[in-house]
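Presented sequentially are two complexes of chain A, the first with chain B as partner and the second with chain C.
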Partner chain A sequence: MKNHIHLGVRVFLVLLVLVILYPSPGFAQEPTPPDDEVNAIAKQLYCPVCENTPLDACRTSACEQWRGLIREKLQQGWTEEEIKGYFVEEYGDRVLAEPPKRGFNWLVYLVPPLAFLAGAYALYRGFTKWRISRSPSRPDSRKVPEDEVGIEKEYISRVEKELENR
Partner chain B sequence: MVANIGFGTLLITLIVALYGIAAAVYGQRSQHEQWINSARQAMALMFPLLTVPVLSLLYLLVTHQYQVAYVSEVTSRSMPFYLKLTALWGGQSGSLLFWSWLLAAFATAITLRDWGRDREFLPWVIIVILVTLVFFLFVNVFFENPFSRYWQTSTGIVQAFARPEGAVPFVPRDGQGLNPLLRHPGMIIHPPMLYLGFVSFIIPYAFAIAALVTGRTDDRWIRLTRRWTLWAWLFLSLGLILGARWAYDVLGWGGYWGWDPVEISAFMPWLTGTAFLHSVMIQEKKDMFKRWNLVLIILTFDLVVFGTFLTRSGVLSSVHAFAQSAIGPLFFVFIALTLSVSLGLLLSRWKDLESKNELHSLFSREALFLLNNLLFLGIFVTTLWGILFPLISEIVTGQKVTVGPPFYERATGPLFAGLLLLMGIAPLIAWTYSSLKKWGRAVWKPLVFSMLTFPALYIAGITRWQGVLSFWLVGFVFAVTVYEFWRGAAARIKAHGENVFTAFYSLVKNNRRRYGGYIVHIGVIFMALGVIGIEMYQVETQGTIPEGGSLSLKEYSITYKDLVSFDTHDGRNVTRAIVGVTRSGEELAEIYPRRDYFYDANQPMTIPGVKSTLAGDLYVILVDWREISEEGATFKIYYNPLVNWLWIGGWVFIAGILVAAWPENELDRVQKVSSPLKKRNR
Partner chain C sequence: MKKWLLWGGLVLLLTILALGLIRTQQGQIGVGEKAPDFKLVTFSGETYHLQELRGKVVVVNFWSSWCESCKPEAKDLEQAWRDYRSRGDVIFLGVDYVDTEPEAREYIDQFGITYPNGPDRRTDISQAFRIRGVPETYIINRNGEIYHRQIGPFRSLEDIKSTLDPLLEGK
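Presenting the complex of A and B:
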């Protein structure tokens, strides 16, 4: 019986040593991650208090603590995505620099390009309409000089005309 | 006493302005010239009248009259004299008064012009300007009174202009002091310029409305306000550039523009104003886009009010929202009213505003101007959507979201690049008719020249395609603009036998609008260099180093030499690091990043130490330090390539507008009159 306990203690001690010597990522005390690694993640986050100031540039003590938290998580082996996910879970989507691409948020990404395309289309439509209404009497036969010298002359007279008509 | 004078005159100004509106309306309806004249005199009185409350408030600010709530909120005894003056626009009510005062200056100035041929515009211009002014005065008198005072009553301290029953004046011993962010020389001039830009856009708007009401929908209103618009644009651009510089110098995050909603709210009227500035040229030259120009100026006016609303109402919380209050709904109603009335007027004249000319070719310069407008408006819509979306999201889903720089950069980047490309092509393209073939012939020389950027970029080690494309674009536009100057000058040399310098001089002098515009384009090119440099190639590192230790970034290295901490006479505690900068081991400079702690405001500020060259800035921030220094201090270093070109470009930009907008002198006028004679003689 006594031997048995002794064995148990020995096994335990061996295991303990193994655990210490072969640290798994979850428990390890790795060297402190450098500031640059912390900032690389902090740059993409916004704390709810200091709106519109990215976390890496914010000088309030609250943001200081957040950066400390990022450092801690990095030390524990968390990945960038895990850390960002943690802050989103705790404080909501607003900590991210951009709304996550899902549901209602799609609007923020879709409206500007759609508006631009609509504008471009309206322009194009208007333009072709102009052209069609105009095309029968299109005075395309206007003399335009085609050779280099002609263009140069045209340009000089244009400059002169502009300077005088001003 | 002085507060009474100030508030009393403010009230009188409001009444006179209301009278001016009534007189103008009545005079217009009854066709009684003397009533319109009376309205004009009422408007002429605006500036002298409003100067009294402004001077009163300034007097209160510099004489530490802390019973006045505003004075107590924005000044303190330890602040230097000039900051007590600039505190006039350092808070909510003061800045609104300042806004009105600047508008009053324009109102008065516009009454002094010779109205001879444009008499029919006069009553409507008066009405538009005075209605706007009345709105701001109304806000000042009834909601944001800068002369409101502290009173001690039995229930505590209250804030009111008039003495409440049984109250005694309450005078705080010292004020709270100006927001530390505003205690910077840049703040002397940035807000006034921005506000000047804002209020001066009201002049072309007023003429546009007058043109709509009177039915004189030709380009007269545009010609009349051309200079005003250019000046408005100058002030607004200068305000934005100075704001960027201030952010770079004071905010300590290594950048100049953070896509903050309040920055955007000043940028939006600039975007529509710039589109307007370009498209009015088409109306003047081709009698086209009349409706569009009216839409643009109406939009610009309402964006100006919207910008003030965003900054002042506290709807958006951001670093700029120093003061927040409940005036939001008022502004909202005013914007809705002016927008719907203006657009209603536009619709009622829709038929009259038909273009006489039509667009003939997709390749003409007019078509490119339309494209320019599309791009400016595209950026405007994107930015507007970006600042509105968090509010919409909060209303619809209850979830607050952040729309930050990555969104804006991705969405507007291609549009800005498109604008840059247009800037390169449009000046070479003829009006009315053109073809791809002619394009090729016009563009090939600068295009070939711009190819020189490729080997240069290769040598500089720039290989990422976005970078190569951006820098090439800059090179191309630069080549085009210089080519334009060169062609113009060469034409004069040929025609008049002038030497190079006189040719350039007379070219610019005789068509200041066009060549001023090209100078502005060169300014934009330089600014683009700075933007590309910092946006695409900024690098940074942060680290804690002991005294004597170093931290490296690229070929630069900083050495932490010493740290001193001391109190200043203006109420700050300054902690200043002495940092040596070396480049590839060679001693370059000594810089002093520091942290200022403001006792009265209980707030720190981070001021970077910067070693600036044309190639780039080494920008060092003191992040943290240990009192008993074994661990040393933490520094953050940014290397901002080419950022200086942003500021250089800014000055060139402003110089270009000045060339285009400067009033003609006597000599010019004489020449202009005599030029038909010259033509006959030739």
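Presenting the complex of A and C:
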């Protein structure tokens, strides 16, 4: 009889431990991600309906649904890159605030710095040419030719003579 | 040589920019134009290829669960589908534009939609049709050409039928 009681207690204890240790679905679920965490990803995506509006700043129903989707994916343990990848896969590259670096998209990254460098080079060339043209080693284009100097001297002496005669 | 390379590069860049601008400035697809071919995989996993539907009249409706003006026409489109379905020469296809799946399925249930519906993955179909918003509906004739373009919702079931009937009767 005593053995039976002991056995019953042991079984109860084992079951109790199992119940405590067994992960219930409630414990397995991640806590709801805060708005900041959702918006950190949302601001890297663009609203599908209104043009040029980041997802975190948009108040349309479509964007609310998308933010809900981000929250859901975060809750499921997805990483930022996985979530962005999912959105690209579902809705195309244009949802991204920054176009992916491939194909024609490279133009977006290469053209502005190249245009800036080309402009800087053109300015440098222009400035150098201008300085060379002003340097004293070259004949001064504003100098009066010698024959003109002679004519000028002759004219002044004639004026002086006339003034003396008066 | 250096100069030629510079000019060549500039011309190439301007051409690419011009092509991009032309593409963005292109209006919507017009009546009489060939409908762009597309493949729609429905929420239930069936695949519809426009090219394989040649010989049938195809009604392509772009919608979304977040679109308020899509809702009034949803039940009319469903009713029209039920009325024409038995003919066998008409098919309605719903293309769900930039939507989330649970809400899209809820919308389909809410309006009891039975014609094939699927998501516009990567917005390929809406881009091919160059849509500006939702709802938009394109009716494609048996030769695969655009017969009617409805920007905004149909006003009523009669509106849908009066648009479709002349095409169906003029076999």
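The definition used in the following text is that the second predicted complex is superposed on the first by the 108 of 166 C-alpha atoms of A that agree within 3 Å, B and C clash if a C-alpha of one lies under 4 Å from a C-alpha of the other, contacts with A are read in each partner's own complex, and residues count from 1 in each chain.
By our rule, contacts are C-beta pairs under 8 Å (C-beta built on N, C-alpha and C of every residue); 3 or more make two chains touch, one makes a residue touch a chain.
This one's a predicted model, so the numbers in the text were calculated from it and none came from an experiment.
> Could you look at A:87 and tell me whether it touches chain B, chain C, both or neither (first, second, both, neither)?
In the superposed model, A:87 contacts neither chain B nor chain C.
> Is it chain B or chain C that touches the larger share of residues in chain A?
With both complexes superposed on chain A, more residues of chain A are touched by B.
> With the two complexes superposed on chain A, say which partner A:111 touches: chain B (first), chain C (second), both, or neither.
Once the two structures are laid over each other on A, A:111 reaches both partners.
> May I ask you to decide whether A:57 touches chain B, chain C, both, or neither, giving the answer as first, second, both or neither?
A:57: touches chain B, not chain C.
> By the touch definition at the top of the document, which applies to A:68: first (chain B), second (chain C), both, or neither?
second
> I'd like to know which partner A:99 touches here: chain B for first, chain C for second, both or neither.
first
> In the overlay, answer first, second, both or neither for which of chain B and chain C A:120 touches.
first
> Which chain A residues lie in the overlap of the chain B contact set and the chain C contact set?
On chain A, the residues that contact chain B in one structure and chain C in the other are 48, 92, 94, 104, 107, 111.
> Taking the touch rule as given, give the residues of chain C at its contact with chain A in the complex, in rising order.
Interface residues on the chain C side: 13, 16, 64-66, 98-100, 103, 119, 121-124, 127, 133.
> Which part of chain B faces chain A closely enough to touch in the complex?
Interface residues on chain B, with respect to chain A: 252-254, 258, 260-261, 317-319, 358-360, 362, 367, 370-371, 374, 377-378, 381-382, 385-386, 389-390, 392-393, 396-397, 399-407, 411, 415, 433, 438, 441, 487-488, 491-492, 494-495, 507, 510-511, 513-514, 540-544, 604, 606, 634, 636, 672, 675, 679.
> Provide the residue numbers of chain A that touch chain B in the complex, in ascending order.
34-36, 39, 46, 48, 51-54, 57, 59, 92-99, 103-105, 107-109, 111-113, 115-116, 119-120, 123, 127, 130-131, 133-134, 138, 140, 142, 144, 151, 155-156, 159-160, 162-164, 166
> Quick one: which bits of chain A touch chain C in the complex? Just the residue numbers, please.
48-49, 60-62, 65-66, 68-69, 88-92, 94, 104, 107, 111
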